[in-house]
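Across the two complexes that follow, chain A remains constant while its partner is chain B and subsequently chain C.
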Partner chain A sequence: MSLNPWIWLAALLTVCTFTFLWRDNPFYKFAEHLFVGVSVGYTIAILYWNAFMPRVWEPIVINHQFYVLLPTILGILSFAIFFKKISWLIRYPIAFIMGAGCGISVPRSFQGYIFRHMQGTITAISPGQSNLLLISNIIMVIGVIATLLYFYFSIEHKGFIGKVANVGIWYIMLAFGAGFGYTVMARVSLLIGRLQFLLHDWLGVID
Partner chain B sequence: MNFLEKMMNIDRRWIYLLVGICVLVPLIRPVGLPTSLTPYTKALFDYIDKIPADGPAVLISFDFDPSTAPELQPMAQSILRHCFSKDINVMCLGLMPTYIGMIDIALSSVKDEYGAVSGEDFVFLPYVPGVTAVMLSMGESIVNTFGRDYYGIPLDSLSMMQHIRNYDDVALVVSISGSAMPQSWAVLVGTTYHVKVGVGTTAVSAAEYYSWLQTGQFIGMLGGLKGAAEYENLIESKGYTIEGFRKVATKGMDAQSFVHILMIVLIIIGNIAFFSLRKKSRQI
Partner chain C sequence: MKRQIPLAIAFICGIGMIIQFFIPHPVSQRTYQEALQWQIIVGIFMAIIAIRSLFVVHIDKIKRKKEGWGYSFITLFAVLFTAFVGIRIGIGEDSLFSHLYAYIMVPMQSTMFSLLAFYMASAAYRAFKARTAQATLLLVVALIVMFGRVPIGEKVAPWLPAFIEWILMYPNMAAQRGILLGVGLGMIATSLKIILGIERGYLGGG
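Now for the complex of A and B:
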């Protein structure tokens, strides 16, 4: 069994959190609130030492790089939302973030999210690949077309179009199934991680 | 009330109990069920394995916090072990404040095993706000983007950083993530700077990344605890681990398999109960 008081604290907080499985209770509430408080405190400390001090305080106060005042003032305007009379000033930092964000991400998003995936689908059925991979890719291409057709609402889904759209539904269901299977795996992994901590790090009953 | 009706109205706490037993028993008494190797894990391993020692760096982006650590921390530690054992330069980066602590935990548990030295074998980059801006700025100059390392030492004074200027000197970005961050790496950095991107992800996100693997935007993927276990087995089989290496993810895979069997059984029982009761109510 561990003699480290921090391990004990972490273990007791884990047990407090697990009590929610029975029902909501003060122990769970305590752990939940402590988690939120610690997360916020930790984030503020990291932001202060890694962002405010080296990016704002040192350049302006120590190095006299006064051009840093411009983005600093823009950042400070974000807090205007807390003051009713000047809350409209928040539009400036938001406008800057939206403008810069769109300018940066729109062309790259088209390239990364759409063109590369279209290219991947179009070139999937190409000669020179093994039969198994070819069959897999044909199934994939059929799935892409059928699913896209399912989400195309300008044509009534009946006759041939309806049948293809139905195939699309099957593909979507398979995707949901795969997603659910993976989700179970993810959630169970979190439980395994916590129990490994309790049994190994705290109690020392497993290797 | 017969068995099927009872199953339809079962208190969910019985299911919690069964899941708890299915996890606890294999952790205490491991069965050692085999974990097969997936091609995407092998692809990531092979790519890192071919990176020359003390050449271009591997940038590991720790894009996760404690909420997904049980799945992702073993991946990060295994990749660090792989790199340190082959003298591959590593840069560790956290793009959100809460991600920084995960780097600290991973490095402190691995660096001493291999005698890895900060500034020579690895660089712990500090938190700098602005995810997109940081990603793009690193394409111009890593030193100018961060200035100092996590410990406050100027980056341009570190021996490892003498030959690492920007993404031209990065062989691979590995985004270990419980969020959509790997997509940002692929779209913003992979597309713009043509850097290879690998991904270690929670199982929840793994399904959606297969299309990114097919397009070549990710060179390989570790999916969930299984991906981490596969990587642990790979580095152990190649002799990249020290004696007494604790395979955290592999130890959890028995429990994972047991719970999946339980889930399959519960889904089958639930469906049989649902359709039987529906049939019975229609007959009435």
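Now for the complex of A and C:
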């Protein structure tokens, strides 16, 4: 059995969290509230050291880069929300975040989502492929078209379109099944990790 | 002032960042880096508002003695203690702060997620009870993927890992591509609506 008080703390909190499997209870609630508090405190400290100090404090106070005052003032305008008369001023920083964020995302979405996947689909079927690869790629291309058609609501899903859209549902369900299987496996592997921690690191009953 | 200037800010910043993407010049790259810095700086102050609202909720809970108000003390104490330790003592390796992370946050986070393994099993049972062909396909594929990823699956059916790889590479990829193309188009459309001032929900009322 471990003599490290930190291991004991982690183990007791793990056990408290697992008690939720029985039902919601004070031990779980204690662990849950502690987790929320520590997470927020952690975020505050990380924001302070990794964002505020190197990006606001040091440039303005130490390096005298006074142009950094501009985004700082923009950020401070967020606090206008606490004063009813000038609460509308919070729209300025939000508009900046939204505008710049959207502007950054448009060309990158084209590049990352649209062009890359279209290229992958269009160039999938090419001469010189083995029969198995060719059939697999045809199955993939049909799946992409069927899935896209399922999400295309500007035309009614009936007749031929309806049948293709229905094929799309099968593909989507298959993908969800694969995703579900992987997620369950990831969770089970976390569970094994926690049990190993309890039985090996804490209690020392397994090697 | 109240609506037109924010809309102009969003338009200018949005169009500016789109144009910047197509100009491979150091000034353009610098503008992009600077915009990211500005977003982080503004984000710091937004985060302060979010943290304040956590305090407001819990202090209100304590004042009104709402159900479970005692737990709010734990949350508030944990926030203040962790933040104090991180800011005053430091966040270096082997510090008290890193211990709080390694022995409270990490184990609890993985335990919380591991709890989902049990609830997902019951969700799968409910999906099976739906008894539609498509729900059955979902469950069968999930079982094949799960079984094929453990050593016993490969022992029972040596062809299973290759079959799973095929499922992931072709039919699964097809649906993923269809969904991601939709997501991409949706993101672009929504972004353009915000930049052009058609979507103004983020401005709120008033």
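Assume the second predicted complex is superposed on the first by the 202 of 207 C-alpha atoms of A that agree within 3 Å, B and C clash if a C-alpha of one lies under 4 Å from a C-alpha of the other, contacts with A are read in each partner's own complex, and residues count from 1 in each chain.
FYI, a residue touches a chain if its C-beta (ideal position, glycine included) is under 8 Å from a C-beta of that chain, and two chains touch if they have at least 3 such contacts.
Because the structure is a prediction, the values reported are computed rather than measured.
By the touch criterion stated above, A:Ser39 is placed in contact with chain B and with chain C alike. In the overlay built on the shared chain, the residue A:Met185 is in contact with chain B and with chain C.
By the document's definition of touching, neither partner reaches A:Ile161: not chain B, not chain C. Of the two partner chains placed by superposition, chain B and chain C are both touched by A:Ala175. When both complexes are overlaid on chain A, the residue A:Asp207 reaches chain B alone and has no touch with chain C.
Legend: residue contacts after superposition of the two complexes on their common chain; A:Ser109 is shown touching both chain B and chain C. When both complexes are overlaid on chain A, the residue A:Gln119 reaches chain B alone and has no touch with chain C. Which of chain B and chain C touches more residues of chain A is settled by the count: it is C.
Look at A:Ile60: by the touch rule set out above, it reaches neither chain B nor chain C.
By the touch criterion defined above, A:Leu199 reaches chain B but does not reach chain C. Touched by chain B in one complex and by chain C in the other are residues 21, 39, 42-43, 46-47, 51, 55, 101, 104-105, 108-109, 112-113, 117, 120, 140, 175, 178, 181-185, 188, 190-191, 193-194 of chain A. Contact residues on chain A toward chain C in their complex (touch as defined above): 6-7, 9-11, 13-14, 17-18, 20-21, 29-49, 51-52, 55-56, 68, 70-72, 74-76, 78-79, 81, 87-88, 91-110, 112-114, 117-118, 120-121, 136-137, 139-148, 150-151, 168-178, 180-185, 187-188, 190-191, 193-194, 197.
Those residues of chain B lying in contact with chain A across their complex are 13, 16, 19-20, 23-24, 27-28, 67-71, 97-98, 100-101, 126-129, 132, 136, 147-148, 183, 186-188, 190-192, 202-208, 211, 214-217, 223-226, 246, 248, 251-252, 255-256, 259-260, 263. Residues of chain C that touch chain A in their complex: 2-3, 5-7, 9-18, 20-22, 32, 35-49, 51, 54, 68, 71-72, 74-87, 91, 97, 99-105, 107-118, 120-121, 124, 134-135, 137-146, 149, 166-185, 187-188, 190-192, 194-195, 202-204, 206.
Those residues of chain A that touch chain B in the shared complex are 21-22, 39, 42-43, 46-47, 50-51, 54-55, 101, 104-105, 108-109, 111-113, 116-117, 119-120, 124, 140, 175, 178-179, 181-186, 188-196, 199, 205-207.
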